[in-house]
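Some structures are shown below for you to check.
Below are two complexes that have chain A in common, paired first with chain B and then with chain C.
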Partner chain A sequence: MSDIIFIGLSLSSILLLIALGLSITYGAMGVINMAHGELVMIGAYTAVLAGLHLGLNLFFALPLAFVTSGLVGLVIERLVIRRLYGRIIDTLLATWGVAILLQQLIRLEFGLSFFGIHIDGLGPGLQNMTVPAFLTQPIDVAGMTIQPYRTFIIVVTLMLAGLTWWLMYRTPMGVQVRAIMRNPQIAAACGIDVRRVSALTFAYGSGLAGIAGVLLAGFKTVMPEMGASVVVDGFLVVVVGGVGSLLGTILAAGILGQINGIVALASNDIIARAVVFAVVIALILWRPRGLFSFKSR
Partner chain B sequence: MSSETSSTLPSSTSRLQRHADWAVYALFIVMVLGAPLVIDDVFWLNRIAKYLVFGMLGIAIALSWGYAGILNLGQGLFFGLGAYMTAMSLKLMSATSLQQGSDKPVPDFMLWNAEPGAVTDLCCINKGSFLWIPFQSQWFGMAMSIVIPLIVAFVLSSSIFRLRVSGVYVAIITLALVLLVRLLLIDAQPITNGFNGLTDLGWLTIGGFEFDPYMVETYYVVAVSLTVVLLLGRWLVSTRAGLILQSTRDDPTRARYLGYDVAAYQIFFFTISAGIAGFAGLLYVVAAEFASPSFMDIGFSISMVVWAAVGGRNSLLGACIGAILINTVEATVSETEIFKEAWKLIIGGIFVLVVLYLPNGLAGIARDLLGRFERRRKGTPAETAPKAAE
Partner chain C sequence: MKTNRRNFLKHTTAFGAAAALGPSMIASPARASGEIEVGVLFSLTGGLSIIEKSLADATMMAIDEINAAGGVNGMMIKPILEDGASDPKTYNEKASKLVIRDRLQTVFGSYTSASRKAVLPVFEKRNSLYFYPTYYEGFECSKNVVYTGAVPNQQLSNFIPWITNTLGKKKFFIVGSNYIYPREMAKVSKILIEQNGGEWVADEYLELGHSEWGAMVSKIKESGCDVVLSNVVGDSVVAFYREFKNQGLTHDKLPICATVTSEIEIAAMGPEFAEGSYTSFPYFQAIDTDRNRDFIERYRKYVNDPKAVTHHALESSYFQVYLWKQAVEKAGDISADAVREGIKGQVFEAPNGTVTVDPENLHTYLTPRIAQWGADGQGTIVNAYDAPTKPLPYVAYGETAENLFCTGAGLDTTKL
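So, the complex of A and B:
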């Protein structure tokens, strides 16, 4: 029984990891960022490149990926999203274009492949990130086998969720973000620099995507298309949890991960994912605003 | 939500604009029907037939997105369902299905995966194979290509719109649904051939005439179908119901208070749009000779929206031309591997730019140019004209 819960927990933590960044960019800012998966992908590639060229391991890759994806996010916000606040469907479409652009940039090695230059670790092929050995050896604790890497992911995810909560609810910046969430015009009238705060919030959410990418790279092959499937899962979690609710996002990730884990054990992975989609559709029909939400906008 | 979907269509269309509109429609139809006179390469003709099918998908998207304000990110579901229904019938008509040591056709993949000693008959070769029995009739499969999408869309949209789910939530539900069905389709390997899809199909046969996909006649089937759908769609949005639909898009609350059953109009047009997508699936199978779960990939469904956005989401013909144009250019460019990758880079960039700067796509440009020309001819100063349009 504890095995099943642990599998579910591990699936949940990955969902949460991806959804955490989205709960900020979508939840707080009303931007459907289809390029979120590509920011995850960029984080994963940062880890691969840092390992190949700088000899840095996972622990150094985490902050590096946070900065890289965060900066890319900042650029996307400046060039595209800034012009689309309040046009939620258009943000979805424009960022889909951005997602294709980012995928192609990695695949074409920033265009260098046209000139016959090849950078190790980029390009259309599959890449791998090596995980430090002590995180791969299963440990036996009181008769239970513990996968250290999975545990590591769960711990990091919980820390990030804690950090995000602290930023949002215990810092002056967080107060400004939440004010913008409720009503951007009034927030601006109260002297909040909406543009600056929005840009930083978006960059922070993007940075979280980068960290998720590094952790995903530990057990998934890294490739230019890896972000596409990730982003949908993230959205479903955020929508089910309730837009703008951090607690809702965490609970939704928990519930969907457990459902996935239990059904996968009872039948197979494909059916498990299908059941998760069915549950999501039912929940959205039942409560379009999500399990936890406040009235706004 | 209403402000983003509201069109920038001129509130009153002038006579010149109406005439120009019809002229463009006529020109398009003449070009589509006349293409075989110019292009004698049957391989290109077959390719264009496929792009005309995508053009039909553009119409379906414009109908639900542009005219109803419902962004359906799962249009691939209806296209895929339509494709599979016809593909099942055509699979049973293929030579490989008939030459399996049985006098009744059985799909080859079922035999490969059959338990030893299983009866080689559709009734009981595996648990689900009986579902294939009615598809021995080609007409049944083709009818189902349209009927099943209509039913699914009706049930889905009834629950969505009666519960007044709107905007981005509709997009997410449709997205989740297409992924759900795709997974089920892949999981039902014994009856759907899973990931591989249905390949090696027979030809559509009407009255003893076999429609070889590489034949001018097959092109005409697609071209005429597209013309009919285009004109029917055009007529539909100009009816009273179509006008009310557009008012529900611009302001659902006002339409509701004026006494209109908003959900009923949304359900009707969402369902029609799904039916068109299903019909497109049918035609695609006839022209391309396969059906695959990739029709239900998210990327494909979003691509359709891209085509419509580039062509003009508020214009049936614009969306249709957008789809045909993008695919034709892509096919021309993709001859070499390196350009193919670069093209994807370009299309990503084009899409961002279109959303940012040209929310009405190519059709929007055409309307603007026409409007400018008209003002110049009338001698109205350009500065006062926008005010008059408001």
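So, the complex of A and C:
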């Protein structure tokens, strides 16, 4: 029984990890960021490159990936998204284009491959991030096998969720972000620098994607296309949870992860995926605005 | 070669003469200019480009080597490279372009069965020849394809008995990606498992590209099996082996015995996750012969990557060009019909050993081998057949060396 709950918990934490950044960019800012998966991918590549060229392990890669993906997010916001606030369909198309650009940048090694220069860790191939040995050796505690890597992911995810909650609800910056979520015009009228706060919020959401990338790299293949599949899961969680609701996102990730885990063990993963989608459809029919919702812009 | 006015004229005249000959061009399009054009069709972009790029490189390397050594009957080979873009539909369009517009008689290409099936009608309708280098599920008998990769009996007929007898493992958990190749492999495996006194406790599939293996590995753990037979394909392999180790399973107690996990996947997952597991292939980079070492060195130089790995489909991509060359030399003609006759029974000393094209079903005799993966990402060959094995593409349906389903006359459908 504890095994089943653990697998569900682990699936939930991965969903939450991806959705957390998205719940901020999509939830708080109304940007359908299709490049979110690519920010995850950039985080993963940061970890791979840091390991190969700087000899840094996973723990150092986490902050590094946060900064890298955050900066890339900031640039995307400055160049593209800033001009598209309020035009939700346009952000979808534009960020999709950005996603393709980012994939190709990695694949073509920033264009260096045209000149015959090869950087280890980039290019179209599969890469891997080395996981410290103590995180791959399971530990037996009172007859239960603890998987350290998955436990590590759960812990980091909970810490990030906590940090995000604290930033949003306990800091002046968070108050400003929430004000902008409700009504950007009134927020601006009250003296909030909407552009600056939005840019920083987007960068923070992107940085979270980078951390997700590092953790995913520990058990997935790192390749330029890796982001495409995760972004769908991220949107599922955010939409079910209720756009803009942190609590909703956490709860939705928990529910969907557990359903996935239980059904996968009882039958198989293909059916589990179908059941998850069925549950999502039912939930959206029942509560079109998600589990938790409030009026926003 | 410098292009000056003189040989420019020569070429244009030759072309003009060929054009004037009209219909005879169809039979041998490029002979007039002293060149043989062949097609090379692999995915250079998209998800499969990771592997297919290396197949294209190996093909081009063989062509360059042959040209450097004087060509085929004194004629240079001119490859026309097309990109299948990891998409069967694109494959079909590019094959049509190569066969219909460029009027090529021979094309080397494809990695997945899906892409081979997509181009097959083009080659059959226009009667051209396709050289397919990948191990595949069998169940095909086309006289327009020369198959130089392993078929199920060449990967499993040694593997399953070896697992039950040498490893002493009897309870199999069969797991694979959800498409035709793993399913056909499972079918053959089950026949062999029962013949060898073993049993299978489960036969499970996950979609291609699936990367969340928590539940499946947990099931493997609970199932009471003592060996895992993996037909998992692509990047899923990486997630699978990593999860296997993360859940505390070890290859010395519960080994993964795989049919697809090659040097490429091992490098991608990190060798520590596969250390101690087994794979069955006719070719491994670790084959310890001068010919193979020389081949690896030449390949690394060719792709300008001192750490490049070689693998089964790559090696087949390389030697099948030589088989084609020998067939053209024997036939003295490059038309598909002539090459097909010429290639029957053709023998070549490939990096993995002697390969022979079966005169009946146009598949290739290969030597089954089993390797155990080490900490350096290379296999140690623990078992090998003494001689190459006859390819039996319909072994899952009861084909044996005495009772062939696929012969020169085509497929005998009454036997299916």
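A few comments on the model shown:
Here is the rule we go by: the second predicted complex is superposed on the first by the 297 of 297 C-alpha atoms of A that agree within 3 Å, B and C clash if a C-alpha of one lies under 4 Å from a C-alpha of the other, contacts with A are read in each partner's own complex, and residues count from 1 in each chain.
Keep in mind that, in the parts below, contacts are C-beta pairs under 8 Å (C-beta built on N, C-alpha and C of every residue); 3 or more make two chains touch, one makes a residue touch a chain.
Note that this is a predicted model, so its numbers are computed, not measured.
When the two complexes are overlaid on their common chain A, residue A:A278 makes contact with chain B while staying clear of chain C.
Contact with chain C, but none with chain B, is seen for A:Q127 once the two complexes are overlaid on the shared chain. Contacts of A:V232 after superposition on the shared chain: chain B is touched, whereas chain C is not.
By the document's definition of touching, neither partner reaches A:H36: not chain B, not chain C. By the touch criterion stated above, A:N268 is placed in contact with chain B and with chain C alike. Once chain A of one complex is fitted onto chain A of the other, the partner contacts of A:L84 are limited to chain B, with no touch recorded for chain C. Across the superposed pair, chain B and chain C both touch chain A at residues 124, 268, 270, 273.
Against chain A, in their complex, chain C makes its touches with residues 47, 49-50, 53, 178, 204-207, 209-216, 218-219, 235, 238-239, 242-243, 245-248, 264-265, 267-270, 272, 304-305.
Those residues of chain A lying in contact with chain B across their complex are 32, 34, 80, 83-84, 86-90, 92-94, 96-101, 103-105, 107-108, 113-114, 124, 228, 232, 235-236, 239, 268, 270-271, 273-274, 277-278, 280-281, 284-285, 288. Against chain C, the residues of chain A that register as touching in their complex are 3, 7, 10-11, 14, 116, 118, 124-128, 130-131, 133, 136-138, 145, 147, 149-150, 218-221, 223, 225, 229, 261, 264-265, 268-270, 272-273.
The part of chain B that touches chain A in the complex is made up of residues 1, 3-5, 71, 159-160, 163, 165, 167-169, 171-173, 175-177, 179-180, 183-184, 186-187, 298-299, 302, 305-306, 309, 338, 341-342, 344-345, 347-352, 355-356, 359.
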